[in-house]
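Paired with subunit B in one complex and with subunit C in the other, subunit A is shared by the two complexes that follow.
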Partner chain A sequence: MSTVHVISLLPLLVIAATSVVVLLATAIRRNHAVSFGLTLLGLALSFCSAFFTPPNQVTQLLTMDRYAFFFMTLITAASFAVTLMAFGYFEAREGRKEEFYVLLLVATLGAMVLAASSQFASLFLGLEILSVALYALIAYLGDRPPSLEAGIKYLVLAGSSSAFLAFGIALVYADLGALDFVRIGQLLGIRKGLDLSLLLPGTVLILTGIGFKLALVPFHMWTPDVYEGAPAPVTAFVATVSKGGMFALLLRYFSQSASYRFSPILLVLSIIAIASMLTGNLLALFANNVKRILAYSSIAHMGYLLVALIVSNRLGANAVAFYLVAYFVMTLGAFAVVTMLSGRERDADRLEDYRGLFWRRPWLAFVFTAMLLSLAGIPLTAGFLAKFYIVAAGAESQAWLLILILVITSTLGLFYYLRVVTALYEHPSGNTQVFEPLPRRAPAVSLVLAVLAVLLVWFGTYPAPLLKVIQSAIGSIT
Partner chain B sequence: MTNFAHIAFYLAGAVAVLATVLAITRLVAVHALLYLIVSLLAVAVDFYIMGAPLLAALEVIIYAGAIVVLFVFVVMMLNLGTQARETERLWLTGRAWIGPAILSALLLAELIYLILRPPLLGSLSGVTSPKQIAIALYGPYVLGVELASMLLLGALVGACHLGRSSLSETEVQR
Partner chain C sequence: MTLVWLLIVLIAGGILSGLFARWHLGLSRWIALAAVTFDLILTLILAARDFGTAHPVGNQWLEEVNWSWIPQSGIHFHLGIDGLSLLLVLLTLFLGIVAVVISWTEITTAVGIYHFNLMLILAGILGVLLALDLFLFYFSWELMLVPMYFLISIWGRERRAYAAIKFFLFTQLSGLLMLIAILALYFAHHRATGVYTFEYQELLGAQLSPHAAMWIMLGFFAAFAVKLPMFPFHTWLPDVCAEASTATNLVLASLMAATAAYAMIRFLLPLFPDAIRTAGPAVTVLAVIGILYSAILAFSQTNLMRLIAYASIGHLGFVLLGIFSGNSLALRGAVVTVIAHGISIGALFLVAGALEGRTHTREIGAMGGLWDTVPRLSGVGLFFALAALGLPGMGDFIGEFLILIGTYQVHFVTAAVAACGVLAATFYALRFVQYVFQGSNSHLWHLPDLSPREGLLLGAMMVLLLWLGLYPQPVFQTLAQAANHVPTLWR
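Right, the complex of A and B next:
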């Protein structure tokens, strides 16, 4: 490893150093604002450094290419937004707040390692860094039983899914003797016989581990409970950074190891995608809790993303990246609204908390409506264009069944998003008890919401600049 | 690769599986921990047979030695007082220790046999020396070591926070 390599690692180094600095600052003197400021500074520096660092392969473990830098900027930006949300949320609470930022930075580092890993060893390390920090983040509010319950559920399920992943990696390694994605792709290319007896179970077990993190359907059980129990900013983090980092890795693994050459794997992925789209949207119809609705909707969104992955053409890879950006914007926006309305005792997750919001806080209701409509895929929003790209990519590869299910389930999805939207605009009747949000207004969250709303419309109407960036990023892995 | 290595491998593997199943079905935490130690020792024997003596030693020292013994201490120390001493005595009498003892004896016999008859000890995939592991860890995989340190940092901060908040809660209740 030479100086050039160290410079290429700059975005990761900055985040790691910031977490240590925040920890030391906390050890010297506890101050919520200082921890918050240092975290924001570190994330901003890491974000900017990703634009200037030269692409490089740093040892066997990390591939710092344009693709990795693209997702690193996305991840750090999302963490930045989550940090801004968290400040107001935790400021109004008793107890220790500074550890939150250390854990958030460590989790961000894990997701960034995932985005840069082109090898199973770094995949496993990144995943574990992310998971271990998330256990503590989800259970962060130790005085709330649902939070602890969610943490323990996540701990048990993430632990067992890591075991599946490790076993799958071991099987693939036993068969091919390689951990590197590109090398695996080459070895599969020159292989004559089609003996898949070790490779296929191995790959399916790896998909199990990845599918758990993404909450794809047979492995989605934890999602609603964890979304509901975790503090709202942490839920936003789980929904965006954790899933985004993992999907970035899945896309890289899929295209570099050329797994799409194996029809059994494509079949498995198609079944998972269809099941995710159907289950996510159908379960959301019956949910009455806003956080749970968003949890089910995220399951469906991961199903849509998987469609773009399965069609495995260049357009598909671009569609995945665009969809992830749009998904980050609208999910962060939705959870920023939830954070803003959350009280000291509990988060604003009941549908009643949102009834008549328009008459109390019109701008907030308006932004929430925009985010929900984007999640549903209404034109003029980023969510619509993202879905459009997936359908276009699917049509190019003639994956008609997947597209049909995507369209049908998106229509189903409209119902539950509109259910929340109509609740926002209902006239408040006199006898309903209005949920009192935190007394302290959070200007930081308003800022986040404004920026996200602008991005939502910008990407939905003029996506050309973003698409150009995505194309150059995707170009480095295909 | 001899036939004997296979038999020894699967025997130790069976002990590991059995001990793990017993560990997760025990109702008393201390009994479960005893089986967990046996399970880890059995895995160590498996590592030894596969030609990774360093990993086997580390498994015994770190997992069975340090971590689980720490667990045992914590479980023992959490309930102090005369009443707890009484329950503790109840835990350790009876047949609780027979199961782990038999399984450990099996592993010990296997290990002694393996050590006494080195010519028969075939490994499944050649022997990896500690030096090779060290060179790999601090050469191409040095970033992995660094990342593992970040993993430990996250785990430490998380454990500290969660442990602290549950502690202060019980203090309030008292």
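Right, the complex of A and C next:
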């Protein structure tokens, strides 16, 4: 490993170093603001370094190509937003706050490793770094029983899904003798009269592990409870960084190993996609808790993403990347609003907390509306173009059944987004108790919201520059 | 550039109006009014410049803007205006002014957001009328929905949440079907030519198998039929009109219907001539059923807004008949009817809104004998009821007459049955006049008559309707300029 390789690893190294520095700073003297500032600095440096570092294959484990850099910048930017959200949120609470940032950095590192891994060993490594940090993050508010419950639930389920994943990897390795995605693709291409007795169960087990992280049906059971129990900024992190890193990996695996040549895998994925779209949207209809609504809707969104993955044309890969960017923006925005309104005792997750918000805080209600409408896929927002590209990718491969289900379920999805939106604009009736948010306004969260709102409209009206970046990123894996 | 300015002025007006409402409500209203009026003047200048001049064959658009927008997917920001869109843009902006002015006293909560939404809807409608790129068209088409949802759900009556969601689901699902159809057309064109483009004029020449053309046509048709609305997809309109505010009803029934009719003429007929020829007869049958069915339902309504909504559906049945009968005379009649219907039905909504503002009810049963107390308002109401039933001398008559003549040449049974619809319209229109204005004032209403503001608006609408009815030649002349664009059906 030469210096060039070390330089290529810079985005990862910066994050790893920052986590150590924050840990040391905490050991010397506890100061929330210092930990917060160091974390922001580290994330910003890592973000910037990704633009300057040369692409390289660093050992067999990490492929630092443009694709990896693209998702790393996305992940660090999202973590940056989560950090800003977390400061005000934890500042209003008792207890130790500084370790949160260490855990956040470690989890970010895990997700970044996922984005850069092109073989199963580093996949497993990244996944475990991410998961272990997440157990603690989800249960971070130890004095709140739902938070603890969510943490334990995630621990048990994530642990067993990792076991499935490891077993699946072992089966594939036993059959092919390779861990590398490209090599696996080559071996599969060479072999005639494919014997699927080890390969198919292996692949399905791997999909189980990945599906759990992405909360695809039928591995979605944990999602609503974890979303509801975890502190709002952590929920934002689980929804975006954790899932985004995993999807980046899935897309790379899918295209580099050329898995789309195998119809059994496509069939399995199609069933999972349809089930996710239906289940996510239908369950969200019956939820009354905003965090749970967003949890179910995220299941549906992963289903939409899977549609673009399954059709596996060039447009599909671009659509996945564009959708992930849009999904990051709107999900972070929605959870930033939840964070902003959350009080000391509990998070603002009941629908009642949002009733008549427009009449109290019009700008906040306006931004929340934009985020929800983007999730629903309405024009002028990034969510619209994202959905447009997925439908376009489906239409190109003439996957009519998949996109018809996408269209129908996303219309169903409108119901629950509009339910929240309608609540925002209801006239306040005099006798209802208004849930009082944080005692002081959080300027950091306002900043995050403003930036996200601008991005939402920018990507929704003039996506050409972003598409150019995405095309070059996708170009490096296909 | 004029076309871009039309959109910019509306959107900027909406944003400014929304911002200034914090300090001064009147200012917010004046900004919105100024924005729409400015647009109307711009369009009139455009119309005056080109009126009567013969256009060279190659350059068919009076004004055109074509910018690259998302080059990766062959998407252009391409706007163009011809005689057909010019007429409807003028209608939109005129009724836009009406909508702003009648909201002056009716809307008192969240005035800024209200005008922001209204301006955004008008911008969306103009986008639909001007777009020559199918992506831009779909974008504008969907852009209208959300602000409309807010207009219904925030400023509506008691059951506004139900009405708003019903509206949204109907239009959104049908819109998404159109999206699939647009994409299917896009990729079919790519497979044939190797070019990725959403350009209207390039897609006109797309080679489609009859089977594919029929399916794609149906995808488009779903969106247009729901928006128009066509029987049997009309059920949302009365429900929404019963709950929404006056200006919302005006925009919904008069303008959104105009965009649907426009989209059928601009996109459906030229893109899929063969599929239309196959499906045309079935659509005309549905149109005729719609005309008669809505007349019967209008007759039995007790809510004034619902009655007008059904009357609107009846007129739009004629429009549908005119578009799908495959006759150029009928098609021209359809365009005239769209304009006349926009004004007459819009004016009826205004009258109903004025009555509601005074009596605080929309129930016909609670009114009666109002002629004694509000003679001028009642006179105006009678005028527009007569216009709606197709009295000669007014715009609706010209349009429906042409449609019936045109249809008669193609299929005389359809024309004969549709003519009964004109007769049926007499019943509900006169019932409206009889139960609301005539009879004895049993509820002892004592109301203020037309205000100068209302009088001015309704007077202007009367003049336009009479003009359209007595001297429609300028409309036909303007329309003739657009005739080259729909060649297959202008026989």
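In this text, the second predicted complex is superposed on the first by the 478 of 478 C-alpha atoms of A that agree within 3 Å, B and C clash if a C-alpha of one lies under 4 Å from a C-alpha of the other, contacts with A are read in each partner's own complex, and residues count from 1 in each chain.
Just so it is clear, a contact is a pair of C-beta atoms (placed from the backbone, for glycine too) under 8 Å apart; a residue touches a chain by one contact, two chains touch by 3 or more.
As the structure is a prediction and not an experimental result, all values here were calculated from the model.
In the superposition on chain A, A:E345 makes contact with neither subunit B nor subunit C. When the shared chain is aligned, no partner comes close enough to touch A:E94: not subunit B, not subunit C. Once the two complexes are laid over each other on the shared chain, residue contacts for A:A133 go to subunit B alone; subunit C is not touched. Within the superposed three-chain model, A:V106 lies in touch with subunit B and out of touch with subunit C [touch as defined at top].
Contacts of A:L373 after superposition: subunit C is touched, whereas subunit B is not reached.
Within the superposed three-chain model, A:Q60 lies in touch with subunit B and out of touch with subunit C [touch as defined at top]. When the two structures are aligned on the shared chain, A:A395 is found in touch with subunit C, with no touch to subunit B. Shared contact residues of subunit A, touching subunit B in one structure and subunit C in the other, are absent.
On the subunit A side of its complex with subunit B, the touching residues are 1, 16, 19-20, 23, 58-62, 95-96, 99, 102-103, 106-107, 109-110, 113, 121-122, 125-126, 128-129, 132-133, 135-137, 139-140, 142-143, 151. Considering their complex, residues 69-73, 109-110, 113, 139, 142-143, 145-146, 149-150, 153-154, 161, 164-165, 168-169, 172-173, 176-177, 179-180, 183-184, 186-187 of subunit C touch subunit A. Interface residues of subunit B, counted against subunit A in their complex, comprise 140-144, 147-148, 150-151, 153-155, 157-162, 164-166, 169. Across the complex, subunit C is touched by residues 358, 362, 373, 378-380, 384, 388, 391-392, 395-396, 398, 400, 403-404, 407-408, 410-411, 414-415, 418, 422, 425, 427, 462-464, 467-468, 471 of subunit A.
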